[in-house]
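Following: one structure in structure tokens, then a few remarks.
Here the chain labels run A, B, C and D in written order, and each chain numbers its own residues starting at 1.
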Amino acid sequence: MNGFKKLLAAGVLLLATSAAALAARTDLVLGVVLEPPHLDPTAGAAAAIDEVVYANVFEGLTRIDETGSVQPALAESWTISPDGKVYTFKLHTGVKFHDGSTFDAEDVKFSLDRARAADSTNAQKGLFAQIDTVEAVDPATVKVTLKQPQGAFLYNMGWGDAVIVAPESAATNKEKPVGTGPFKFENWARGSSITIVKNPDYWGTPVALDKAEFRVIPDPAAATAAVLSGDVQAFPFFPAPEARAQLEADPRFKVTIGTTEGETILSINNKKPPFDNIKVRQAIAYAIDRQAIIDGAMFGLGTPIGSHFAPHNPAYIDLTGTYPHNVEKAKELMKEAGLQDGIKVTLKLPPPPYARRGGEIIASQLREIGIECEIVPVEWADWLQQVFKDKNFDLTIVSHTEPNDIDIYSRKDYYFGYDNPAFDKVIEELNVTSDEAKRKELYGQAQKILADDAVVGFLFELARMNVWDAKLEGLWVNAPIQANDLTKVHWTE
Amino acid sequence: MSLLEIESLNLEIDGTPILRNVELSIDRGEIRGLVGESGSGKSMTALTVMQLLPLGARATGQVRFDGKNLLAASENEMCQLRGDDIGMVFQEPMTALNPVKTIGEQVAEGIRFHTRASRPEAEDRARKILDRVGLPEVKYPLSRYPHQLSGGQRQRVVIAIATALNPRLLIADEPTTALDVVLQAQILDLLRDLCHENKMGLLLISHDLAVVADMTDNITILRGGQVMEEGDTARVLSEQTHPYTRQLALASTHVPARRKHPLVQHQPAETPLLKVTSLTRDYLGQRIGFFKRSAPTRAVNDVSFSLWPGQSVALVGRSGCGKSTLARMILALDPPTSGSIEFEGIEITGKSEAELKPIRRHMQVVFQDPYGSFDPRQNVARLVSEPLHLLQPTLGSKERRERVEKALNEVGLTTSDLEKYPHEFSGGQRQRLSIARALITRPKLIIADEPVSALDVSIRSQILDLIASLNARYNLAFIFITHDLTVARAITDDVFVMHEGRIVEAGRTESVLENPQSKPAQELVSATPDLHRAIARKLREQG
Amino acid sequence: MDTPVAPIATPRTDDFWPRAFANRSFVIGFAITVIIAFAAALSFVWTPYDVTHLVVSDKLKPPSAAHWFGTDHFGRDILSMIMVGARNSIAVALVAIGIGMGIGVPLGCWAAARGGWLDEVLMRFNDVVFAFPALLSAIMITAIFGPGAVNAIIAIGIFNIPVFARVARAGAIALWPREFILAARAAGKGRLLITVEHILPNIANLLLVQGTIQFALGILAEASLSYVGLGAQPPMPSWGRMLFEAQTMISIAPHMALFPGLAIVITVLGLNLLGDGLSDLLDPKLRRQR
Amino acid sequence: MTPFLLKRLGIGIVTLLLASIVVFAMLEVVPGDPARMMLGMNATEDAVQALREQMGLNQPLIMRYLSWIGGFLTGDFGRSYTYSVPVAQLVAERSAVSLPLALISLFLSTVIAIPVGLYAAAHRGKASDTVAMGASQLGVAIPNFWFALLLVYVFAVALRMLPAGGFPGWGAGVWPALKALILPAIALALPQAAILARVTRSALLDVLNEDYIRTARAKGLPRNTVLWRHALRNALIPVFTILGLQFSFLLAGTIIIENVFYLPGLGRLVFQAITQRDLIVVESVVMLLVATVIVVNLLVDLSYAVIDPRLRNA
């Protein structure tokens, strides 16, 4: 009897340990669409870099969390001078870089000075433009003095481009990133995958995963296959929305739809006739059927927008009704513009499906009001050169994925060719305003101006479809910033 | 019981009858000739015995070898017989050997298969048989590949393969047709000796009556798949009781009635029709290194001669002696390395095509192969009129047509043939077309490269008649390139014997052929088979 | 003397069609080719639905009486798209063959007629083009000039040039030593005239057979290029791009991948069979074996 | 070395040189600035110029060609613009996928095609020949990417027997790595095998019509012995020629197939590099592929000499 009990106990114990062994799954393969060109977030614009290293390998003074708000990171806390010009950061102590070197205020000074230097190749130099001086007061204190007060400064310091690097390893971060994060870079099989492993010496809360692999799968079909076959256990920003219904029906997977900062627009070259005529732009706005584009190109994923602003932002106002879908009205406007006989234009489309598929639908919609679009697919390199730099285009479709980037419409020489002093004034005012309510109002004004001017065709806010194993938790649903933060990811059971 | 007995053999291929009621028998040690013109079914008879007929063939009747009916034999049984008891030699030595295997392998292979001998044993036997057929190992090791041998040597290898296991029956299908007369004589001698040594039965298939007369004991004459006559060679050929036999024999020895061009002493001041002086042609040597070539081959070496209007000469020699190269140079199709060619006193070497035009109209060509001489896509009207391109001023379409019709009439064809295509004509008719084409510009000289060697004897005699009459009627000069002395004898006044690029002997045709002076000429003459001589010898031997 | 290998040299014969209809490959291949060509021709005047009109609400419908081959992700009728796509495939492949023949055949004939260093130089250029994996270079070409049907034609056409140059040269080289060419030369005809009068008609069969092969390859190449997004651009339907678009939807709308794929397979199969049949019919060497 | 091979070698070198000029010239006219590509939409003109200088893009054309080709010959392929690692390293990493893939599919297609071709030739006109050739006709007509898709959905998605794509790396073990290559190799090999089987069959049939086959049969050798011992070796020349030509198609095929299976091979590298304007990578990889084609064809020529004594040239 006794023996039996013992046996039973042993059995239970065995079950328990094996259950524990199951629960202890600590590896993850995560699909990403784009492979980063290198792994130094301070030396390249590619979102793919941040999607691997942000928060995982590199940390900044602050960080952006899933809700888009600013959280402390390497800076434990900070104080702001009353005039809003001097930020004093108190740093965590005992922090070590992955190569064993110690993190202190000198590293912060080095990183910020490097990023804003004249020969810097930091893609977001604008983030640091207001910094006047950086001073390492003591190893755990940094004082940053701004030229002018800047409402978004703490937010800016949370960007991937503002992460803190060590002088010893800064030059080699592209190939072998060395940061202070909870994961260490392990291996990069170029063209295939990047592997990071748990950093045992991490200063903060240790992560649950021992190993994570970012597998590069650019092809939507391959992505679907990889997820269905279980090769990849998580695919944030899944590139094949057409597979949504199928994946949702499968209990093995959890499908979530999150928001992004990607305003997808039909860019119009405002400088080029006949698009310098607001009537033509309005006609285009009336001709566009946003829902059909969202359904056809994105399989229903995405929120219609009426201006250049993310719907989940508190300052968002719904302007989709400014120019509702109305073909008759559009034709009338074309007639008023003297273009009743129709025009021929080019529509340059970069590679993502939202552009290529959306372009076909828009071309079909514009054809109805006499605008014949010649579709010209272009690679990103061509797009950057022809459209973005040389402004050699009529229409193009692109998603502007930087957060809070309505100010691009005030940039001189930006590729839209939009120039409206009234709008510029609003943005100028925004730049020096830190009062939230006032900011909100200004944002509203800016959105209205853009919508009324029909500067570009505002289509939809890119949605983010995430697919992951139903047993996986802790992944971001939304992407307030380009990142795959794995710090809270763990397997259940 | 005979070694091989064929009785009432009928053969159809895809429903077309090929052989009808063929009867034939061979005893041990007997040499039997199977004679016939092309399409008579000679080769198919041989392939029926070997059971190597093409797909779609159906044979009925009796083919008994050693009492065993081969038509009923299984493929396995046939494999046992082939190469062991029945050997076969084919016509084309250049293609009858596998190019990627050494001659030793190819000879030893059959030996190993049939005797289960070990490789060294088989090679030993192969060595012996190759030695026997005239390829001693010292000069021709077993490791030679076929491409390293000449045509005659290759035919010896084929014979070695066929006779390696001392078969009781050897079938030789036109074994010497592709070889020149000197080689022909050597190969025939070899076959005869092998038969005598081993008491082999030999079925010798040939279109050449003279060869058969010389070689065989008995003869079977085939025509259109049927046996015309059969019997003792000397008797059949001397008595010529069957009309077809007589027709064949007459055609084989036909000499056109023609007026001989008189032997005139020309004055040095007179201009010959064609004058060739010190003509030489080298071919580049093979590349043996990146920058090196082997020494050039001299195809034609310091050749000089003159030709007068109306004269008919033969250029004879063994294959590869340079006679065709010489002809091409005269026709300005190939540039000489040095020397000069004058046509009616005008130098033709180094002239452009435009400058050559007036000369070309007086100098035309007839080729050997009646199949290859015509563009298969052009009809008679177009292809016969092709040289009219040379005439200045160009003729109108009506005149052209008249000229074509006239030329056709001259060669014995009718104007109803104008719209036909070459494949609708027989070999002899095609050679007539070829001559019509050459005649159309009213040339003074025709160069004929083996004009009759691809034709059956009966057609050959007709073409020779035609040439002889043209020669006489238009005072046309002819240069015949041939290895066949009977052709030379029939229609030429003079003969040049070529050997290794040089003219080694020149003179009146009869005197050279009757009484050759140079060694090459003597070899040629003695190797040339002659029907009358062969029959006479046979009769003498039989008493 | 070695007899040179004779290229195809069949006389014109009246019995071509009777023989052709007894040739199984030819009959099937010919029928398929005619049907595809007819569908393409028909699409100019009539298709079941307008392929430029998107009806997003009708998207991804499986095959039905209204849409025999179903609809795609924009609600377009797939049968109509395949018909119009046939036009594109045929046009690209045909023009590419035209480029290949138009440049390759004269080059090959010239090389064969002149021989020597010219032959050597032309053949070396051929080698260079041959050494590039064709699709890779097509990708590079379209990367330079931008994707589109015209550039796809150029890219594919360039790779047809050496093919036809080789075929023409090989055929011509085998013909030049033939006696009827010698006879023409003895008749004072120049290289150009002989090439036009004798060589070209006699290699026409070879070129025809090669043409059908290249046609099939051209259709495959166009499909591959379109598949990687470098072929014909929307709104022009193309079989390869239809497959690319169908790729992600195979599990939800397999008909989208099935029909364009079958269209390619059947067309290429038809052309290959036609080529096989033609080479059987036109090659006297094969006929002799029968 | 025989004159034949010397000549082929010389031709190979000339071809390679011409090809290098073609590749370089072609890529020079590709639009798009690699520097801007690397820095993205919001980079300033200064940063782009700084990078152009760093990358040596501001040097004259001929200098860049010479330094490129010079480096190429000494094994220094330069540094990738996008990855900023030596191209040689990239090529080495990627070759570890592409090379086995090409070899496996070459092997697969050969072991499938030659027996099928032999069998069909030996059974000419019979039902089995018709079936084999019908299947091969179909195989030739199927686009490999479509075939690849069908394979993925059958074996990876429906049956879950094999991975849908991706490559775990040889570090993950030989079997997992091989497993990832099975479907791509089949997708590449089958259409190739179809062509090869047809060529094998028709080459054999051609050879079987030769006089020396009759000679061999007259020796008493059974049909099959003749097929193996006499016909096959002679038929290998056209078969090898096609194998050599196909190698180039195989390489082209890997570009597409590697994209379907997202294998990190040379094909995908070059495809990506073209879209990302990583010119130095494109140039080097294309040259390498061209060189491979030339070397393979040189090997084919060498094999001719082994097979055919007439080309050995005493």
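Here is the rule we go by: a contact is a pair of C-beta atoms (placed from the backbone, for glycine too) under 8 Å apart; a residue touches a chain by one contact, two chains touch by 3 or more.
Predicted model only: the values in this text are computed from it and were never measured.
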item	value
A-C compared against B-D, more contacting pairs	B-D
Chain whose mean Cα position lies farthest from chain B	A
Whole-Å separation of chain centres (CA-atom averages), chain A against chain B	87
Euclidean distance of C-alpha centroids - chain B vs chain D, Å	50
Whole-Å gap between the CA centroids of chain B and chain C	45
Chain A: positions in contact with at least two other chains	219, 221, 228, 351, 379, 382
Residues of chain B whose C-beta touches two or more other chains	none
For chain C, residues contacting two or more additional chains	143, 247, 250-251, 289
Every chain pair in contact, whichever chains are involved	A-C, A-D, B-C, B-D, C-D
Complex contacts: residues of chain C adjacent to chain D	124-125, 127-128, 130-136, 139-141, 143-144, 216, 220, 223-224, 227-228, 240, 243, 247, 250-251, 257, 261, 264-269, 272-273, 276, 289
In the complex, chain C residues that touch chain B	1-2, 6, 9-12, 178-180, 182-190, 197-198, 201-202, 289-290
Parts of chain D lying in touch with chain C, wherever the complex brings them together	11, 14-16, 18-19, 22, 26-27, 29-31, 137-138, 140-143, 145-146, 149, 153, 157, 209, 245, 248-249, 251-253, 255-256, 259, 267, 270-271, 274-275, 282, 286, 289-290, 293-294, 297
Chain A residues within the chain C interface of the complex	219-221, 224, 228, 240, 242-243, 245-246, 292, 295-296, 299, 351, 357, 359-361, 363-364, 367, 375-379, 382
Residues of chain B touching chain D in the complex	50, 52, 55, 75-76, 78-84, 87-88, 90, 92, 95-102, 106, 109-110, 113-114, 145, 147-148, 158, 161-162, 286-290
